[in-house]
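When the chains are written out, they are named A, B, C and D in that same order, and each has its own residue count from 1.
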């Protein structure tokens, strides 16, 4: 594969916090707000998104539930059969039924999910200045995933960074800059704007499919993601939601003393609806065929009261 | 509440099987087909559904995940916190994260979910004549929920039976007939047609909210649902999916020796995408305000390989 | 059944706290102690217990794991098969294996288990004056169940209160007093002494078997148990462990403003190894046959690091 | 470490089946028997075992529950807090309680557990000639773990093979022969006899502690264990139970076309109570100090109706 040289600027904690403050949406939609940047999405945006449905196709953006332990999945999901076709017929007669059980942690790499705003705290504060005490052993009493229960519905825009460079994926450590995002926009002829659901592709999932899962943490090989300076762009453009194929973070990070700066800013400062570990391999083909990178997205977390997130299966409808 | 007299015909097993055969779609879309009546939904149907998005609103059709044991929920779902804000800061620094675990049976009353076609067998046969041996202790090796992974997307039509009678809900045992469905269509000015997602409201969920959960099985009070003769109507109209607020079954059933005849016919004979335990309370208000009973529906099961169904959160977009 | 009149004294909070202080073992075995009253059991006690093995019989004191939701079991345990004999033979050849999964809350009525000392706090303090912060979202970092990992082994003494009155069980609300315990000792010809494992039978489990499970909480019918004044006796006698058929608590309690005073004193003040929800129905027969109420007991919690207790299966060996 | 040369004989399938038949206990204790070799343990054996309690010490033989995925633990156990000290005080007042949840597969390497007789089938047959259909999706309807619910109690004898060679552990692939067992007996001055619980130490757990977990399957490095020919010795000696530190199997096996021959013979042919993944590191020290290799063992599986085994915590009492 081509070598891309990238020397991302390392930010001091002060520089990081300056970004944090400058893009913060605390108080913007009221002290009680729990929807954060989803407030950008107006009914008009939803109508416009629906108008993008032209070919009548829908495409999953989810990975299959990962039930195999590995370097990026230390606590795998479980799927158990609870009833099979081996039982005697009910005295009531036919039919027969089977059933199963699903057990899964909600967060975690290689598990397609969406975060609630309570999921992240920076310096002891959650989005909108809420204290960490809103998360109890009985779940989150505010800022839980039910804030998104009517779905995340809007225009999706896919920026495919590997395409910009003609590579299959960005290598671990690559921190995508504002300049690169804007070049990707230009190359693809599309632009992020108010209320958009931003699908950010580093090729994380493609790399995983081809090379196998890897330890993408600080202890391992790391991963490609965004540079914290891009947060200003997302803020200016009033992006509503962020759907990456990894989790958006560059590992190791580009901020001294801050390990996952993208989550801190997106979720705790901006109140952005952020997902994790999507896959765009199917969508990519459809987009290429149709020569367009915008479409309707519908993404519905499960209705989990007090949940800090949810597994989900977002779809692009084109 | 008003008393509605209903004396549904009791069918013999022979009559039931005549219906089963007459509406069967086995072989219709090929011996390998796993999508059943979703085959009715063409790209044009999806475009038409998107064109119904006029007010730019989306509304959940899901109940909250039910974590309280009760007469219709003997094995409640569990939600556990796995990480809280009480841990020492990582040596890498901020931010902090919390996470949780979800454990749930997929099927079961009072749990919003969708069935895979492998979920039901009649006389040892699954949709398309598949044997019950396709369901193993490792899950379903065919006809699993991944057949729907790109989502169930189309025009939703809500028929609200209590509205027809001016009541809050149909009482347990009420078996809705073809005549009643057609009268509801007429009263609401809407008609089920090819590729539709049929939202069927008996008021089951409303009754549950007002009177509390009840034992809706044969051992208990039973429930309102469809009469098996309505299957012919759904077949003629080429309905693609069935989304009821209960599970569509009348209990006790109207067939001698067949306990859950609706599941048998819809899933095993027709290969219909069937959901369970939705709620239409929010949607009802929006429909009433807008004076229409059709809308776009997007319903995406989780991507559970070998799953016999999935919890999900369908939305209506209007 | 016979009527037993019992008018247990109601204690003020002050009287309760006087008992709490007078039986407290905080500091007795050092500031770091995590074994509490198990310290009473010396090697000599274990030898003496082994010497009680005369007939060579062992008897379980455990109820079967309760997988049925009910008024005293709102979150039932689950048992799932994970592998069955329906899979193709391994390419390596025979044999074939099956396996299963167990999911269970550790505490809870009608679930035989033992509590770790971290399980209870009174006024924000755990046994030995430990703060509640030793219990984190990652489990207990001190006073966890691993303190008992070498087993609770010693002389068991069964006091059978229903026998004293010639009844099948004590009715809910009955608070057993010191006088009643001493009368039971006399009637059975046995006496609690240093290092003993005290098996306390109210007939809770027998009542459950005959009448079915009931709501034994404050919202329901309550249950028979100990009166808090008996704590002085257990302290004087240097009892090492407490194994009741209910959980030892009288509901409603006999202390104003303290809901579960027995747990508070036994566990938080005395540091006593306390179990819950045992059954003595099999043991009772053997004891009656042999005309003795003392025997060896071996009770081994699972080795659960950071656990606040454990399901277990104690046995009496006679 | 010393090199031990061992060239274990490879058996043909015919030779293996000859052993299988010659040690089979099918029918020996009746067609309905579910206790297998535990029938060897008489009350006298239990009395004799209790008489071995001389120093009044009890020692766990369990590993800590393994919650970390690894090459020998692909589906780790989970331990979740379900209630913590962060909740508001009950209106009833003090005390406060915490609780947790345990989820675990029962079988699996590096997880201390005991197998029920239903766990293994050879050529479609379970111990005593039972068909595999006794294991259903609702668990085992015969030969389940409740057969052992009164505990496995008897004389334990530890044979420490590494001690024989002056090494820390036997290397993977080492198949211990009858000759080696007898030499170990002689060297340790102890002999397996009727009704014994045989603790078999290869040093598996010690190796794991020092080198870390490894893939002990056919795909990986394998492991040390017994040679199938030793089954005749265990049969002649009327051994009641088998408690190894690995699982007793040599990997790769010493039988053509049979992958886990020890399980096949011990469990399916002999009906032996077999455990898995114990640790003897603590016991070893006590035995060395006391200069004896026999002691009382008490091992109590949880009371899991229909379970194919159970996690447990066996103890040696000396």
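Heads up, the rule we're going with is that a residue touches a chain if its C-beta (ideal position, glycine included) is under 8 Å from a C-beta of that chain, and two chains touch if they have at least 3 such contacts.
Everything numeric in this text was worked out from a predicted model, so none of it was measured.
Judged by shared residue numbers over all numbers used at their interface, chain A and chain B contact each other through mostly the same positions, with over half in common.
One finds 47 Å separating the Cα centroids of chain B and chain D. Chain A and chain B have CA centres that are 28 Å apart. In terms of their C-alpha centroids, the spacing between chain B and chain C amounts to 46 Å.
Residue positions of chain C with contacts to 2 or more other chains are 78, 81-82, 84, 86, 101, 103, 133, 136-138. With chains as nodes and touching pairs as edges, the resulting graph is complete, every pair of chains being joined.
Contact residues of chain C toward chain D in the complex are 42-47, 49-51, 53-60, 62-65, 67, 79, 81-82, 84-85, 90, 92-108, 112, 118-124, 132-133, 135-140, 146, 149-151, 153, 218, 257-260, 263-264, 268, 296, 298, 300-315, 317. Looking at the complex, you find that chain D touches chain B at residues 78, 80-82, 84, 86, 101, 103, 137.
Put simply, chain A touches chain D in their complex at residues 68-70, 73-76, 78, 81-84, 86-87, 103, 133, 136-138.
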